[in-house]
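In the two assemblies presented below, chain A is common to both, partnered first by chain B and then by chain C.
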Partner chain A sequence: MNKIFALAGVVIKELYRRKDFYVLFVLTALLTLAAAAMNFFHDEKIVRYVKDICLLLIWVSALLVAIVTTARQIPAEREARTIFPLLAKPVSRGQVIVGKFLGCWLATGVALAVFYFFFAIITGSREHIWPLAVYLQALWMQWAMLAIVIAMVLLGSIYFAAPSSTVTICFIAVAGILGLGTHLHVIALQQPEPMQTILTAVYFTMPHLEWYDLRDFVVYDMGLVSWPGFALATLYAAVWTGIFLLLAWLGFRRKNLTT
Partner chain B sequence: MSSAILQTEKLRVEYRSRELRQPVKVALCGLDLEVRAGEIFGFLGPNGAGKTTMMNVLLGFVPPTSGAARLFGIDVRQPIARQRIGYLPELTYYYKFLTAEELLRFYAKIFGLARAEADKRIEQLLKLVELEAAAKRPIKSYSKGMQQRIGIAQSLINNPDLLILDEPTSGLDPLGRMKVREIIQRLKHEGKTVFFSSHELGEVETICDRVAIIHQGELKAVGTVADISTGHENLEKAFLRIVGFQSTTP
Partner chain C sequence: MKFSPPLTLVALLALAFTLATGLASRADHWSRRDKSGNLFGMLFGDGRKLFANQFFTMADVYFHSGYYPSIFDRAGKESEIAEVSHGHTDSPDDEIKEDFLGKPLDWIDAFGRHFRITQHTHLEHHTEREILPWLRLAADLDPQKIETFTVGAFFLREHLNRPDQAETFLREGLRNNPDSCEILFELGRLYHESRHDLDRARNVWELGVRKFLALPLPQQKDDKLVLEELVVNLANLENEAGNYGQAINWYLAAQKLSPNPAALQEHIDQLRKKLAAQIPVAPGKLY
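Then we have the complex of A and B:
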């Protein structure tokens, strides 16, 4: 386990030193300003609209950071050839995959926590309500969803040589699932065969990332998600993450790496 | 006789092209080799002979197509086989955003060294490669020579029993070469085993206990420099004769 944490530590250090996090902080500052402007209008609908936009920005920026950071991990190691002195040590390729995943996931988690912290402070100071449990649930669910996305991107980065291909394909896949995931089985019913069967099969076999979107719970004060549902969603994310990591390991373990 | 630290048996490596109708390239063909504990072993061959492939197999980067390769009696495909080895690549491939101290600490963690042991080892190695003053600077700010030295330090972080060096003196200035030679000699005195590939035949002749010559994926000769050379020829002449080089100049 120490080896995995050591690998994750290097990922986080790299991210920190490449100044990717600074971009996030600038974005956070902009979000804060947007949220702070809410009370200028004294209109509940506008306040909710602005909160919705803020949360959407958090979603998009967290997804961008997760996908872009993860996509370059293994290809960058191969391109810079740092993979060779690393794999010449007693570390398995499976540990490298898990270490990279953990580093990216933890780094994204820190970014998310900062975002939600700013969001909670500003909205709380303006509206004088502190639905911390709702925020924590929303944060955790988003982070769990990002675990699936990061594992999926790692898998992509094993098979696609260029990080840009991985980023594009994964971003389209994630946006597609988030946008169409809920409605896909309904769309399927309106299609002729064999499209109906294909779309239904896709609906039941794809990871349902849209289930992790609790923005409406935060914006419209809908209260908490039931705890059993919350636990099941966490388990579902763990299973999908495990599947993607397993596939990534299977692809990486037999790959010829020539100096 | 000393025990074998590094061993290959009928080792064969083939590279298959992704393109159809491209012939399979045989990089290593039935290689039988043994490196014994405590010796300095030079692995020689012209460009494209299969030296790098051999290194890649020993370090687990490329799996053998058939045959076996073992380090300390353990199959090279097992990560634990690399617990007691140090590897110095030909060029510097390190995380440039880390400082020398961070890089060494990272590798120490990978080897499972305890914190106190790692601290002591890092201090010793930084002193050995004369990088104490630059220990807290990112590697990207280092000169080429300094990067080579941090490479040497990382290869010794686990106090390895076997050191695998891929053309360790290539691209180094005379001072850097001397430093590498000194380190190899010091390791020999400590009873360590060194396996290295090189094109510097004069250097190999001076420091190696035994050498192997590989050509077109096949082992052509193995033994002491005296065994390989005939009459009064030096290693360079013996090497050229073994690989079938015909000089066109009188």
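Then we have the complex of A and C:
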């Protein structure tokens, strides 16, 4: 377990040495503050559009941090040939996969915590209410979703040729699931065969990332999501993360690292 | 020939300056972006109108606190903020129709509803203010979208009790759409209902009727509802002002437009009775 945490620690250090997170955070902060500074009909109490914009930026930034950081982990180790001394420690390939995953996930969690802290400060200063439980639930669900995404990207980075292709394909997949996931069955039912069966199969077999988007609950002050639903969604995220990590390990175990 | 960088630079700057003085007046005609009067017009040109509809829809989404059909659930329904601004209130049947989610299709859909807003609610108690940013943006992006001004002014006046800002917003709409009967109708409502200024309301509504009659015939057919609203409100106003004869004339005009002329006939009969009861005072009795 120590080896896994050591690997994860290296990934976290890498995140705060690189500029990606800082750039995205400054951009999010600037855009949110600019939106908050706008005056609509001289009404100081209007706040939901600021929450909406800030959360959208947080979602985009967190996805960027998670996907870009994860996609380059194993290819970078291979390219720099540091993978060989790493595996000679001795560290098993499975531990490399889990360590890289844990590092990326924890690093993304730290980034998310900073983003949500900023969000809470901005909205609290305008609304004068602090629904911390709602924010924490939204943060946890987003982080759980990012666990699936990070594991998926790690799997992609084993099979795809370059980090750029991994990033592009994973972004399209995640955006597709978030945008169409809920509606895919409705769309499928409107299609002729065999498309109907294919889309229905995709709907039932894909990870439903859209469940983890609680932005509407935060923006429209709808309170907390039911705790049993919350717990089951967390379990679902853990299962999908496990599936992707297992597939990544199976691929990495047989991978020829010299080519 | 010896090449001198500073001289070449000066020569190029002089050439650029000379060309700019010649081209500036012509370039004015090449694009109308910078004359649009706002940032969006300058950035997007006419493409900004594409976003205006989206922002108007966002106002409707906010009005429903996120309970809103997607493009896959929606079938060409009018936005509810527009319906509310025309005085529509939801009946129990409407509430059932607006339950676009229906029963879950499968277990994934059922479980996913834990994480979606599934209650049909409307903003109330002054939280309606949350729709205003989207309406403001929609108005900036497409100043020719009349509905934005009428809906925004309605919520400012009726729900947020801010008739001054409603009037300013409507006047802005009127500057951009000087022939709009809808904006004149809403402005008349503002004078009538919020300011209780019958004369200004009458003037504005009568101008609205004149503007409507100046429209081409096909457009008149499409916008018949606004004429009906103008005429009925003018009739009510004249009735309120005690001008029963004029009120009868407007009700008679409204009968030709209304889907329910019998209801208006009752008003006309009552007014005729009131008119008959008005006994003129003989001048001789005064002295």
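In the analysis below, the second predicted complex is superposed on the first by the 241 of 259 C-alpha atoms of A that agree within 3 Å, B and C clash if a C-alpha of one lies under 4 Å from a C-alpha of the other, contacts with A are read in each partner's own complex, and residues count from 1 in each chain.
The rule is simple: a residue touches a chain if its C-beta (ideal position, glycine included) is under 8 Å from a C-beta of that chain, and two chains touch if they have at least 3 such contacts.
This one's a predicted model, so the numbers in the text were calculated from it and none came from an experiment.
Student: Based on the superposition on chain A, does the combination of chain B and chain C result in a clash or a fit?
Tutor: fit
Student: In the superposed arrangement, which partner chain does A:19 touch: chain B (first), chain C (second), both, or neither?
Tutor: neither
Student: Once the structures are superposed on A, label A:2 by its partner contacts, choosing first (chain B), second (chain C), both or neither.
Tutor: first
Student: For A:232, is the partner it touches chain B (first), chain C (second), both, or none of the two (neither)?
Tutor: Touch status of A:232: second partner only.
Student: Who does A:254 touch here: chain B (first), chain C (second), both, or neither?
Tutor: First partner only.
Student: Between chain B and chain C, once the two complexes are placed on the common chain, what is the minimum CA to CA distance in Å?
Tutor: 40
Student: Under the stated contact criterion, what part of chain A meets chain C in this complex?
Tutor: Listed in rising order, the residues of chain A that touch chain C are 38, 40-43, 45-49, 141, 182-183, 185-187, 189, 203-204, 208, 210-214, 216-217, 219-220, 222, 225-226, 229-230, 232-233.
Student: Which of the residues in chain C end up touching chain A in this complex?
Tutor: Going by the criterion above, the answer is residues 62, 65-66, 70, 72-73, 105-106, 108-109, 111-112, 114-117, 129-130, 132-134, 136, 156, 162, 165, 169.
Student: Can you tell me which positions in chain A touch chain B when the two form their complex?
Tutor: 2-3, 5-7, 9-10, 13-14, 17-18, 80-92, 95, 254, 256-259
Student: Spell out the residues on chain B that touch chain A in their complex, using ranges where they run on.
Tutor: Residues 15, 52-53, 55-56, 59-63, 79-83, 85, 87, 89-91, 93-98, 102, 106-107, 109-112, 138, 151, 154, 164, 166.
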